[in-house]
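A, B, C, D and E label the chains in the order they appear, each numbered from 1.
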């Protein structure tokens, strides 16, 4: 009888929907995906090797260049890892400001997620609306650190600078306007029937697979597993805040989208509580100029980044530089399931799946 | 003002006949002149349209859009056109050269041919064909082959995939397109476009045939390969689909043809559903321009708002929803007409 | 002038049709042949137009140039699995040549015979007025049963094709 | 009509040798300078600022440079945004070669200009100019959208022959 | 298992494994040190019996003479944690792959192979993941020198 030929189509490394240098080699049967092979490393900047030649504080800027969409989160994780290893206490005010910044980072990262998902599905305008609102967060970051995106704001032992007076008003007004923004996204993106057809029931990941493949973060919670490191193993002062962990049910692209949309609201709740409880005081403890953890000390510290479990494994050798620094990048691990959820779908579903897995290639390739 | 263009044409014919040409040859020369006029109108129109599209997208996306070059950025497209004309013309070595090179030319010729039957005003038609609508549809169906040629000739998987999508999409949507227009034809009782315009003297057909209008509009969007049905181009998936390998000039021709098609389909929409060139006060050729542009604005609005539909949904939508609906509309129109005749209202 | 516009148009179109038809036969690349076929269909449509058979010409474009040729090109692309440059060139062996000669003689004979035995009247009055209405009357009035039967046949063919294609998917 | 292979180098050489750029050439350059269509390519932080540049606050469209093309065949401007890694280098090189001339390269960010903070790494090339000729360097890590605009406008001046 | 008890688990494991298992502890983690050939068995036990279903991190460290591989394990959703350490010698840097037990080890093992040059026996597709295929050397090794 009739039979069809299979062919390979290369998505990337230069392709508008690969969020940077990702290369997916898709084995196609017509419009159907038979298999997908992911090639990484196009943004591999040898950060782990560079870390071995930088002192502990010097690595902070590199950490912020891991996940450039939410640059406060990786720096927070790194600083906390070193603090934990060295037993450094962070002042209260700094802790609160860290939470505020981290959650704003999460919101900005999720805004980029929503926007880039919209544009990957062909709705160019969605991106512009998200970027418009993200600009306000960028303004706040610039206000506090002088940099819009990659602010090395977290420091070992605290934060770089105290926030200016104007920050509070800006933050409050952003939080006030957030419901309205989300309504707008719901009108433009969430409520669109074509978009719902595109991502509902697409790229379904079962809960078992998600755990087996080490998927974390919103992608895991979209499968219905209540696992958020902020709750499960609270770091910093996260145990003081009240927030819900939004969960999906099916683990499809739609759930991954909705979970992130809901997480924006939860982050806003956390920020509001932190702003209310923000104490006065120091923003940084006295940290020795040269940090020298003792030889043989090692630590694995993980935080809930906007993409999932972001872990730092640091081994010290008694010098002022890490002996080995390994980043457990959530994007790297999450991308592993792309072939699994793409098989049997359509070519256009691969694009939707990449978008809703929300990888950030700088982090995944390091 | 109303008869400017028809008077000029008449004067031209008279002058030519005064030079000693037979009536047939004079008509032939007039035809060529009209043809050149259409090409000019199309080119200028596209330059305006691209500027408009960029402004509209800016408006929808809360941006300003081009505004540095000329008043409101009006010269922006001219700069783009100059640039595209002077770009290097790359013909990749592995392409099927003849097909690759002729596809854009064929495409633009086909799209300009569409204008032959569109009534651009009272008596302003290149050819007043008695099967004008059929002409429009059948010439429109040829653009499928151009896209197929582009995709095949490029010898690129993205292009081929884009072309395959384009063909599948255009063939599937041609059927509801044609059938939805038949409802109008049944009421007007003619395939001649000028008759259809005249038949709308009292009431626009959009009011008599709302279902046909909606199915036509959706099918036309798909025929035009515009968002949310821009499968063949599908920038986020297929980079540039069937046009991936085309550079500068040749790519510009595709672009030109797409916008030319847009104007033609919108003008047909105005003619079929919105009373064509009829309207109070203003001259007829201005009315059709106004109506066409308003319809095009809706097309742009859709493009900049909706995400792209998935290929299999697209196909099933055409065959499972659009086609039955347009067929049902046809049957309904038939019964309605008979009922009206029986009641003596028609 | 000696030749009228209509004659000139006929000559150009006939020449175009013949050239493209030759192209269909002579091109080495089967895809080129298929595209030449499209142009040849268009040429035939043009000839219909010169004969004031606009409806027929448009149906020729819509059905043959627009639909059938796409079908042909698709069929070629889907079944072709070797170099397109070689697909169209029949190997010049004796059975091929004999079959070709036989077919040529048969077709030319049929053509010559039909021209020979047709009595061309001096003047045929062109259908005046509503040619479309006349055609419609014939198709949906006098010959409605054959028309519907043909439609039914095509429907059966379409359903059969779908079943064949589905079969491949289930395998 | 179609100008083939009119590379920058030729123009510069012509100018040096005192060949007057004709009026036609001026018109062409005017068109080119006002219509850089960037390739939507990027691999790190800088593309996010490029996206921001396209959004409402900064709006690159004002200058007419918002037509991001996905296919290198239709792009005029390669914005190298982000570090060029050893794995990416062949791909970027190929993209550059696929673009039709006249074409321009803008190195956006420290990574693309010099390797930036990752210069010490084993897998990062020291800047885009180690692969091809770069017309404009925009420093910053990442540069603000305004800096990108500045770079583009400088490039505009360069193409129009005013610099 | 009703209520998880780390002490009880360690005792059980120590009894079963005996000499092969060495237990170490610091402020943050309990480390189970084991030889390469016993790794899959230990991992299997940890996953099946004690519910450590989340292999959070797999990292290789170059200690001049030897490589140490660290596996950080968590259980979802109970959130118990343990780390497994394996040492392999530099000359013969190979150990069994645990991809069958933890599918998530797939890319992490490939990464360790790519950057550290440790080969995992039984991994179906052990090729470079971050660096191009023609890259010479394994850059995260301490003796790696950047070319040029």
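Simple rule for what comes next: contacts are C-beta pairs under 8 Å (C-beta built on N, C-alpha and C of every residue); 3 or more make two chains touch, one makes a residue touch a chain.
Keep in mind the model is a prediction, meaning the values are calculated, not measured.
> Would you pick out the chains that touch chain B and also touch chain E?
A, D
> Counting only C-alpha atoms to place each centre, which chain is farthest from chain E?
Ranked by distance of C-alpha centres from chain E, the top chain is C.
> Is the C-beta contact count larger for B-D or for A-E?
Output for the comparison: B-D.
> If you average the Cα atoms per chain, which one ends up farthest from chain A?
C
> How big is the gap, in whole Å, between where the Cα atoms of chain A centre and where those of chain E centre?
25
> Could you put a whole-Å number on the gap between the CA centroids of chain A and chain B?
45
> Roughly how far is chain B from chain C, going centre to centre by Cα mean, in whole Å?
27
> Centroid of chain C to centroid of chain E, CA atoms only: how many Å?
The computed centroid separation for chain C versus chain E comes out at 70 Å.
> Which residues belonging to chain C are in contact with no fewer than two other chains?
none
> In chain D, what residues contact two or more other chains?
In chain D, 55-56, 70, 87, 120, 122-123 touch at least two other chains.
> Multi-chain contacts only, two chains or more: what residues does chain A have there?
In chain A, residues 15-16, 41, 44, 46, 49, 128, 132, 365 touch at least two other chains, as defined above.
> Which stretch or stretches of chain D touch chain A in the complex?
Against chain A, the touching part of chain D is residues 39-45, 47-49, 51-52, 54-57, 68, 70, 72, 82-83, 85, 87-88, 91-92, 95, 111, 117-118, 120-124, 141-142, 144.
> If you look only at chain A, which of its residues touch chain E in the complex?
Listed in rising order, the residues are 40-41, 44, 46, 48-49, 84, 211-214, 225-227, 232-233, 297-302, 309, 311, 313, 315, 323-324, 326, 328, 332-333, 335-336, 365-366.
> Give every residue of chain E touching chain D within the complex, in rising order.
By the definition above, chain E touches chain D via 130-132, 135, 139, 144, 146-147.
> Per the contact definition, I'd like the list of chain B residues that touch chain D in the complex.
54, 58, 61-69, 73, 75-76, 78-83, 85-90, 235-236, 239-240, 243-249, 251
> Give every residue of chain D touching chain B within the complex, in rising order.
1-6, 27-28, 30-35, 37, 55-56, 59, 61-64, 66-67, 69-71, 73-74, 76, 98, 100-102
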